[in-house]
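In order of appearance the chains are A, B, C and D, and numbering begins at 1 in each one.
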Amino acid sequence: MKARVFVTLKNGVLDPQGKAIGHALGNLGFEGVGSVRQGKLIEIELSETDEAKAKAALKEMCEKLLANTVIEKYDIELKA
Amino acid sequence: MKARVFVTLKNGVLDPQGKAIGHALGNLGFEGVGSVRQGKLIEIELSETDEAKAKAALKEMCEKLLANTVIEKYDIELKA
Amino acid sequence: MNAPVAVTPEVVKDHGLNDAEYARIVELLGRAPTIVELGIFSVMWSEHCSYKSTRIHLKKLPTSAPWVIQGPGENAGIIDVGDGDVCVFKMESHNHPSFIEPFQGAATGVGGIMRDVFTMGARPVASLDSLRFGEPNHPKTRHLVAGVVSGIGSYGNCMGIPTVAGETNFHKSYNGNILVNAMCVGLAKADKIFYSAAKGAGNPVVYVGSKTGRDGIHGATMASAEFNEDSEEKRPTVQVGDPFTEKLLLEACLELMATDAIIAIQDMGAAGLTSSSSEMADKGGSGIEIDLDKVPQRETNLTAYEMMLSESQERMLAVLKPGREAEAERIFKKWELDFSVIGYTTDTHRMVVRHKGEIVADMPVTALSDAAPIYERPFVKRKPTSGKVSFEASRPAMESLLRLLSTPDLCSKRWVWEQYDYTVMADSVQQPGGDAAVVRVHGTDKGLACCTDVTPRYCKANPFEGAKQAVAEAWRNITAVGGLPLATTDCLNFSNPEKPEAMGEIVAGIEGLGEACRVLEFPIVSGNCSLYNETQGEGILPTPTIGGVGLLKDVHKMATVAFKREGDAILLIGDTKGHLGQSVYLREIEGLEEGAAPPVDLKLEKKNGDFVRGLIEAGTDTVHDIADGGLLVAVAEMAMAGGIGAVLRGQFEADKFIPFYFGEDQARYLMAVPAAEADAILAKAKKAGVRARHIGFTGAKNDKGEAVLTGVGLPPVTVTALKATHEAWLPEYMKG
Amino acid sequence: MKSAVVVFPASNCDRDAAVALEQITGTKPVMVWHADSEVPDVDLIVLPGGFSYGDYLRCGAMAGQSNIMRAVKEKSEQGVKVLGICNGFQVLTETHMLPGVLMKNAHLKFVCRPQALEVIETQSVFTRKYQAGQRVVFPVAHGEGNYVADDETLDRLEGEGRVVFKYAPGENPNGSARDIAGILNEKRNVLGLMPHPERVCDPLLGGTDGKAMFEGLIEALG
């Protein structure tokens, strides 16, 4: 099973990278660019075939390692 | 319009961050974890309402700035 | 907090204010406070901002000397370093945020202290970090070390300010409450110093830097409340640092400071807009009116309460001369920073805050400063530990040395400092690994020597002597590189002042600091207190960290610890009684934490140190002070640094090996001098009344020609083997 | 020799580079702001180390898109010498003035230390005062110095004598392919390297191994 985990900053947490990217896009002449936020995309291959079990494991991985839940939130997507 | 841009390493490019995460997951006792790859997720708010135009602009942003196409590929997802 | 919140007794309690304090607020205002005012009082009267438990004791510290330009009370202390140059420096703690989010907590700690320094007109030139972690085998420690070190590195490296020295130690008392103390040292010109006193009425108040968000609200009050089990769960919003913006802010501020447009300037640190605006008005004897609608905002619907209490990073408040706004704005726009005139100074001595057309706070400025509560908390002074210590006299010393060199406290900290850019700015003439770092004053031959020191286990055993020792060690480390120690900054990390025993440690500690600083003419010019460092009722070891700064007139005459030549005579300066109480040896080899902390004879410190400094000025280039681990560890460090061996030939009895090699008597130095000069130096010492002994030679080798360390009771071990042991522990540990 | 140092927001070795240049050439370099669109008439342009734009997104990426880099590129095409140190090297790869990319160090940590290097190629205006095979020590201080390119590119770089510095065998600090520390462009007038020669032009700072690079440039460029 393949999973994609999206780790992004919680709302309201300052995102210096996103801010700088937004700024640079403006300088490059792109118009109408509003807020830009940068997060992580982590692609994981799992041998687990049961969807519920995989999800539970991924959730634990996020809590323990992949996301810093003090400032980040996460989202899990599964593909068989 | 809201866009999500995924920037990931091309196949074959070594990903030390992904490898380190895989390793750490192993240490934490997670079993059956295969390859792990880390990429970037960039969320952009656009004032553009025309989907085709937005896509074209995003593609240009990726080529010019968001991805280094020597080693990275990108994927664009639009949400109205 | 969107709807107006009523000020109920619960709300008051949540703000950490007790009944008496609340009554005082009502009295000062002549009415009940609004929620915004309550928030403002709660942060300004917090331990962190008001020093309510320590203020009466801190008054006892010596803070002046002919070379002190600014003592405590401003953003940072300032000393004169000659030729119109001044050195601006301060240390600050970021303990609680770093425990909750090690990377961001440590990074924003570094950013905050840098702002304190450049807000006074100085360009930061060196950064130092004093770190205390829990036991290595505690499940959180590794993660905390990794996060804190990379957070400090990421901020300092991006700012382009070298991180040149620090400390990294481990002890179980920090398991649930690590210490991250960051020090920043800057340089300015004496005629270009900026203060925070906003004198005069009708002057524009400008906000510059990053936008305001909901970051770290309650940060200041959090730093003043004891940790309990669910504070990890509560997870207060931690601030995220943006070193890129700070670098722009630094350059923009220095550019504006080169003009004469600024009347006063102050960074927004703990309690952000609240403390910066009220303190500027208070110090200037003026009043201030600000309009929150003009504050650059990152998020929508920020309330007045949130804006006043936000701890968003990388922001500054300045008061300009009227009419200079456009000029200042041009500079900040060039650096792509936010700039907004948010109010004016007044002559009302009141702080008035408007939001959406309404007055949300209106209070006398002095209510937040002079009228803040001061407590004379009850304390008991514990009897210092004492008594004979037990150890096995026949234990092989070389084996013990090898073990000591690989302990968490004595091992090499290279793994840490290699993550810091310590060479940027091209003035780091003494890099990490020595007794003190030396940073050249750009474009001159002068150097600033800086270090941070404290030995918490001594402070636990004897808070008074331990505090003296912290000052003495900093003074000694500066002396050992050839610097003249000038002044200090401190970070007083203690536990809960509401407990008489802990308060006793605070009082004795401050008295010890005061005495040492007085005798050594090493005044305290800035600093901060971090109290309530305890978890579930268990306090940390008392940790009054001292940051020292000294001056070398000519960096070409600097000494380093590395042996430089074979055949040099090794001289030991100072008395060796073999004091093993509270030593690393006793703890690591015998498993005992007992005995008295080593006594500190300040007059002797001064005499020995002045003698050593004189020799360095006359050409001695190899000096090391003797500290943790004692004489043999110090010799090993000199050998490892130079890749040159040594032979020690003691004239002492076999049963005294252990105390001689591992005792931690104070006021001692080792030096290596050309053998031909040894006698003359010994004679000079005798004349000066300084104890000095010739204890060995550099350059010992084994029959394979490899450099070795050997001597009486010391079977030869190669310097390569010593180094391998010394370098191994931390990287191995961090691999997990 | 007339020189210029480009200053990006959060460049932080601009002063170090300027001091080294002034010390060795006797004249102050011109400092050029990133938002400018022209480079003055000089013989050498230095892109200094630092964290341009915080190194956010990718190191050097945003600086690579700046106004000034268009001008630098043009100048380099006219043959003006360009020296990119550390972040400057990253900017050069981002603008494709040099091939390959600099990725995060393989151990994922920032690394600052004195670094032993081997001078591989002396047929360049930057290294003419060194001897082939000479060992020198320059400090490194970077988080993203892991040079990556495809095998074909690497073969070509080595084949054409465009790899000028390599990390000494067994001392690679960042996982860089084939121990590469610095490379030239095809026309050999653009050099990018991760280590900092400008920080070792003064014996007090741990050595003078960097001096020969600037002295060579003066000799060649007058």
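By our rule, contacts are C-beta pairs under 8 Å (C-beta built on N, C-alpha and C of every residue); 3 or more make two chains touch, one makes a residue touch a chain.
No experiment lies behind these values; they were computed from the predicted model shown.
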Pair of chains joined by more contacts [C-beta pairs], C-D or A-D: C-D
Approximate Å spacing (C-alpha centroids) for the pair subunit A, subunit C: 36
Whole-Å separation of chain centres (CA-atom averages), subunit B against subunit C: 41
Overlap residues in subunit B, where contacts from two or more other chains coincide: 40, 64-66
For subunit C, residues contacting two or more additional chains: 242, 244-245, 336
Sites on subunit D at which at least two other chains make contact: 53-54, 56-57, 62, 65
All pairs of touching chains, each written as two labels joined by a dash: A-B, A-C, A-D, B-D, C-D
Complex contact set, residues of subunit B against subunit D: 13-14, 16-17, 20, 40, 64-66, 68, 70-71
For the subunit D and subunit A complex, residues of the former touching the latter: 53-54, 56-57, 62, 65-66
Subunit B-facing residues of subunit D, complex: 57-58, 61-62, 65, 93-94, 100-101, 103-108, 146, 148-149, 175
Complex interface listing, subunit A residues touching subunit D: 16-17, 20-21, 24, 27-28, 38
Sites on subunit C touched by subunit A in the complex: 100-101, 103-104, 210, 213-215, 235, 237-242, 244-245, 298-299, 312-313, 336
